[in-house]
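The next part holds the structures, each set out as structure tokens.
In the two complexes below, chain A is the common chain; its partner is chain B in one and chain C in the other.
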Partner chain A sequence: MSEIAFWQGNEAIAYGALAAECRFFGGYPITPSSEIAEILAEELPKRNGRFIQMEDEIAGIAAAIGGSIAGMKSLTATSGPGFSLKQENLGFAYMAEIPLVVVDVMRGGPSTGLPTKAAQQDVMQARWGTHGDHGTICYAPASVQECYEVTIRAFNAAERYRQPVLIMSDEIIGHMREKVVINEIDPSKLVTRKRPTDIPEKFVPYRPDPKDDLPCMASFGDGYTWHITGLTHNDWGFPTNDAQEIDKKMKRLMRKIDRFRDDIVEYETAFTEDAEVLVLAYGSVARSSLRAVHEARNRGIRAGFFRPVTLWPFPDKEVERLARKMKTIIVPELNCGQMVLEVERAVHGKAKVEPLNLVNGELFKPEDILKVIEEVA
Partner chain B sequence: MAGRYEIRFAGSGGQGVILAAVITGEAASVYEDDLHVVQSQSYGPEARGGKSKAEVIISTEPIDYPKAIRPNLQVILTQQAAEEYAPETMPGGRIIYDDFFVTSLPQVDANAYHLPIVRTAREKLGRDIVTNMVALGAVARVLELEKIVRPESIKKAILGKVPEGTKQLNSQAFDEGYALFKNSLHL
Partner chain C sequence: MPSQEVFSWLRTRFFPHIWCPGCGHGIIMHSLLRALVALDKKKSQTVIASGIGCSSRMAGYIDACTVHTTHGRSLAFATGIKLAKPELTVVDVMGDGDCTAIGGNHFIHACRRNIDITAVVMNNNIYGMTGGQASPTTPIGSIASTTPFGAIDPSFDICKLAEGAGASYVARATVANPKQAEQFIMKGIQNKGFSVVEIVTHCHTTFGRKNKRRTPIDNIN
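Up next is the complex of A and B:
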């Protein structure tokens, strides 16, 4: 059975979270993300969930981490200024391996920047905003339908890999309304963290399961003793300075993503079979880009389209494979050139990479991109 | 209809242009079958005054670029909006403009309809606040002629969206707007 709705991107994220069985939101409202908090404030209590508006964004993510440790699927949502404030606790969640979904509906920056205007200036912050090495899972939805679906997958990934998962939306996707088809959720498709099966006395909180290299997770109040710290720790959760234990922990943190990379990476392509010019874009910019590629095709130009759905892990192998057949890859972004660096890394000189940047708060018009396609074709 | 049809509502903050676009989009999504619909807006941090623009794209195909490129139908409620947006109308398209706030419409290759939208809301219904519903009535007649959305779908969307206690007023405003367009051309 399916239902039709006409939602904003932010509404779709809120309802996607509910469909994924998120039952805790801790946060602080900020344009252009506030609708997510607003809807969950209304809807969570109806589902036996909890919504807490904290005193600021730092406390918002801290509360969400606490909610997750207490056993609830948890969410926080913000925009650039709040995303900066959340970085320290985001790092804590990576180190302590706490499942969590963090949404950043991007607006123009730096600082308080442009509250009501679109940008994609936080995509590198998503990868490297918090200090220390860690693997990142980050989705960039390009439609309202995808906001809904990606939010469910983000919760699944957070629960499965026991770490924060990011959704980098933007003002255009967040505030635009689109027709959405909501299919009934198959409960077997929802992932919930593995719980310990041993008796509490035998519980070793960070000991990975040999089957998938991932540790199970107890909830506070379950009767399992668990020490949680941001310090580098051993399998028992206690701080360690032992070189072997440190190495083991750090390698496993990175391996979680590397090992399951192919399960996590998502992308979309169009007209790539015979293309010579590729437009690679994500989020709202992908919408202008696809239109430009269609128009280029109408003019007889062999243009193709590639859209990373996961910015991190970046679909580097897939881009590298396509790059071998391309003359030029155009990377339009609403920033001064961020993901283009990742494209250059993946392409490794096999094609010319052409950045196209816009930072005036507006979305690219298809003609802006078409002009560059025509120039390089 | 086949392909893409773009509608733009443009005026100033407080005239309800965003709600008008949301209702049009909801009507096409929820109360019609098999249409793709996107609605977007641009606005500033201020709640009243300032420019306000909202767009709806309805298509039989999936919609890539979510903003209007050459609107097939524009509803223009201020002189500033007329000067800025009227020239972007699709050649041969339609412009519905308010006869009180828009004093001169730039020369454009489009069918222009000069309607007393604000005056109907203000004088006939006694409430400026239903300006957007009068405009929606006129839009409903155009979308009916274009065979895109039925007027009853728009009415259903209005009734689902406006607060209890205002339904009759909003519904009456919609009917007045519908009649304005229909009678102005005997269509």
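Up next is the complex of A and C:
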């Protein structure tokens, strides 16, 4: 059975979170993300969930991490300035391996910037915003339908890999209304963190399961005592200065993503078979890009389209394979050129990479992108 | 020597601890553990949250559900835990810098919400862990590594701050009277609301050395 809704992207994220069995939200209001908090303030209490508006974004993510430690699937949502404030505790969740979903509905920056205008200026912050090395899982939805679906997958990834997962939406996607088909959720498709099976006396909180190299997770209150810290720690969760133990922890953190990279990476392509010019775009910009590619095809140009759904892990192998057949890859972004660096890394000189940037608060019109396709074709 | 019951709350496998010989934080940990034992708390139903500082290392040494968070933010984490599982006993142990400087905003809002958490604030008037820089409770005129000519800013009165912000149980003890500290912590935990127990202690290693109070006793007198 499926239902039809007419939602904004932010609504779809809120309802996607509920469908994924998220039961805790901690946050602080900020445009253009506040609808997510407002909807959850209303809906969570009806499902025995918890909602709390904290004193700032630092506390918002901290409370959400606390909710997760106590066993609830947890979410926090924000925009630009709030995303900056969340970075320190985001790092805590990476180090302590706490499942959590963090949404950034991007607006123009730096600083207070453009609260009501769309941008994609935080995408590198999603990768490197918090200090220290860590692997990143980050989704960039391009439609309201995808906001709903990606949110469910983000919770699944957070629970499975025991780490925070980011959703980088933007002001256009967040506030645009579209038809959404809500399919009934198959409960077996929802991932919940692996619980320990050892008796409390034998429980080693960060010892990975030899089967998948991922540790299980107890919740506070369910019979186990254990220590959580942001300090680099050993399998017991206790701070360590031992080079071997440090190395082991850091390598395992990175391996989580490397090992499961192919399971996590998502992308969409169109007309790539015989294409010579590829437009690579994500989020709202992918919408004008696809339209431009259609138009180029109408004019007889062999244009193709590639859309990373996961910005990280970046679909680098897939882009590299396509690059071998392309003359030029155009990368339109609502920033001064961020993901284009990742594209250049993947392409490694096999095709010409052409950035196309816009940071005046406006959106790309399909004509703007078409013009560049025609120039390079 | 701690009683057998108190001893069972220690993670001795993680010893030696990091505290300097003579530090007051261990005395406070003992008071807290006696309070938990006296109240017949279960380790797996007790949460000890902390921030960052010498004082905050306490969380690691206690065999309970312990979370050593980020500097100043522990009350926000603890709020999330308590909200998700109200049946848990939640104690938040922190230093004066952790509580009143970087964590000041979280502290007053935890007081305002009057959520059922007990904050044990170990006030040694200094940033001990980072080597003796001034904190918001460093008394005017005292020497710290960042106030070489004496602190010029007035200091916070943690209890008045907590009371004004809405905490429903507020008490102050010193490490010179650990039995009283234990009793206040017990009352704090029993209070259904936000409780603040300030325990005045010393950091002879940094504050004491610079202010000619070389022994723990010089600091408390």
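Please note the rule applied: the second predicted complex is superposed on the first by the 377 of 377 C-alpha atoms of A that agree within 3 Å, B and C clash if a C-alpha of one lies under 4 Å from a C-alpha of the other, contacts with A are read in each partner's own complex, and residues count from 1 in each chain.
The definition used in the following text is that a residue touches a chain if its C-beta (ideal position, glycine included) is under 8 Å from a C-beta of that chain, and two chains touch if they have at least 3 such contacts.
Computed from a predicted structure; not experimentally measured.
Engineer: Would you sort A:185 into first (chain B), second (chain C), both or neither based on which partner it touches?
Structural biologist: It touches nothing on chain B or chain C.
Engineer: Taking the superposition on A as described, I'd like to know which of chain B and chain C A:301 touches: first, second, both or neither.
Structural biologist: Neither chain B nor chain C is touched by A:301.
Engineer: Applying the document's definition of touch, where does A:377 land relative to chain B and chain C: first, second, both, or neither?
Structural biologist: Neither: A:377 stays clear of chain B and chain C.
Engineer: Quick check for you: in the superposed arrangement, does A:175 touch first (chain B), second (chain C), both or neither?
Structural biologist: first
Engineer: Have a look at where A:116 lands relative to chain B and chain C in the superposition and call it first, second, both or neither.
Structural biologist: Only chain B is touched by A:116; chain C is not.
Engineer: Determine, for the superposed model, which of the two partners chain B and chain C contacts more residues of chain A.
Structural biologist: The partner making contact with more of chain A's residues is C.
Engineer: So in the superposed three-chain picture, is A:41 touching just chain B, just chain C, both, or none of them (first/second/both/neither)?
Structural biologist: In the superposition, A:41 touches no partner, neither chain B nor chain C.
Engineer: I'd like to know which partner A:71 touches here: chain B for first, chain C for second, both or neither.
Structural biologist: A:71 sits against chain C, while chain B stays out of touch.
Engineer: Is A:204 touching the first partner chain B, the second partner chain C, both, or neither of them?
Structural biologist: neither
Engineer: Could you pull out which residues of chain A sit against chain B in one structure and against chain C in the other?
Structural biologist: In chain A, no position sits in both the chain B and chain C interfaces.
Engineer: Flag every residue of chain B that touches chain A in the complex, lowest number first.
Structural biologist: Residues 22, 25-26, 28-30, 35-41, 43-45, 63-67, 69.
Engineer: Show which residues of chain A lie in contact with chain C when the two form their complex.
Structural biologist: Within the complex, chain A touches chain C at residues 24, 26, 50, 52, 54-56, 58-60, 62-72, 74, 88-89, 92, 200, 219-231, 236, 238-239.
Engineer: Could you pull out which chain C residues touch chain A in their complex?
Structural biologist: Residue positions touching the partner: 11, 13-14, 43-45, 47, 59-60, 63-70, 73, 76-85, 87-88, 105-106, 109.
Engineer: Provide the residue numbers of chain A that touch chain B in the complex, in ascending order.
Structural biologist: Chain A residues touching chain B: 4-6, 115-116, 172, 175-179, 284, 287-288, 290-291, 294, 363, 365-366.
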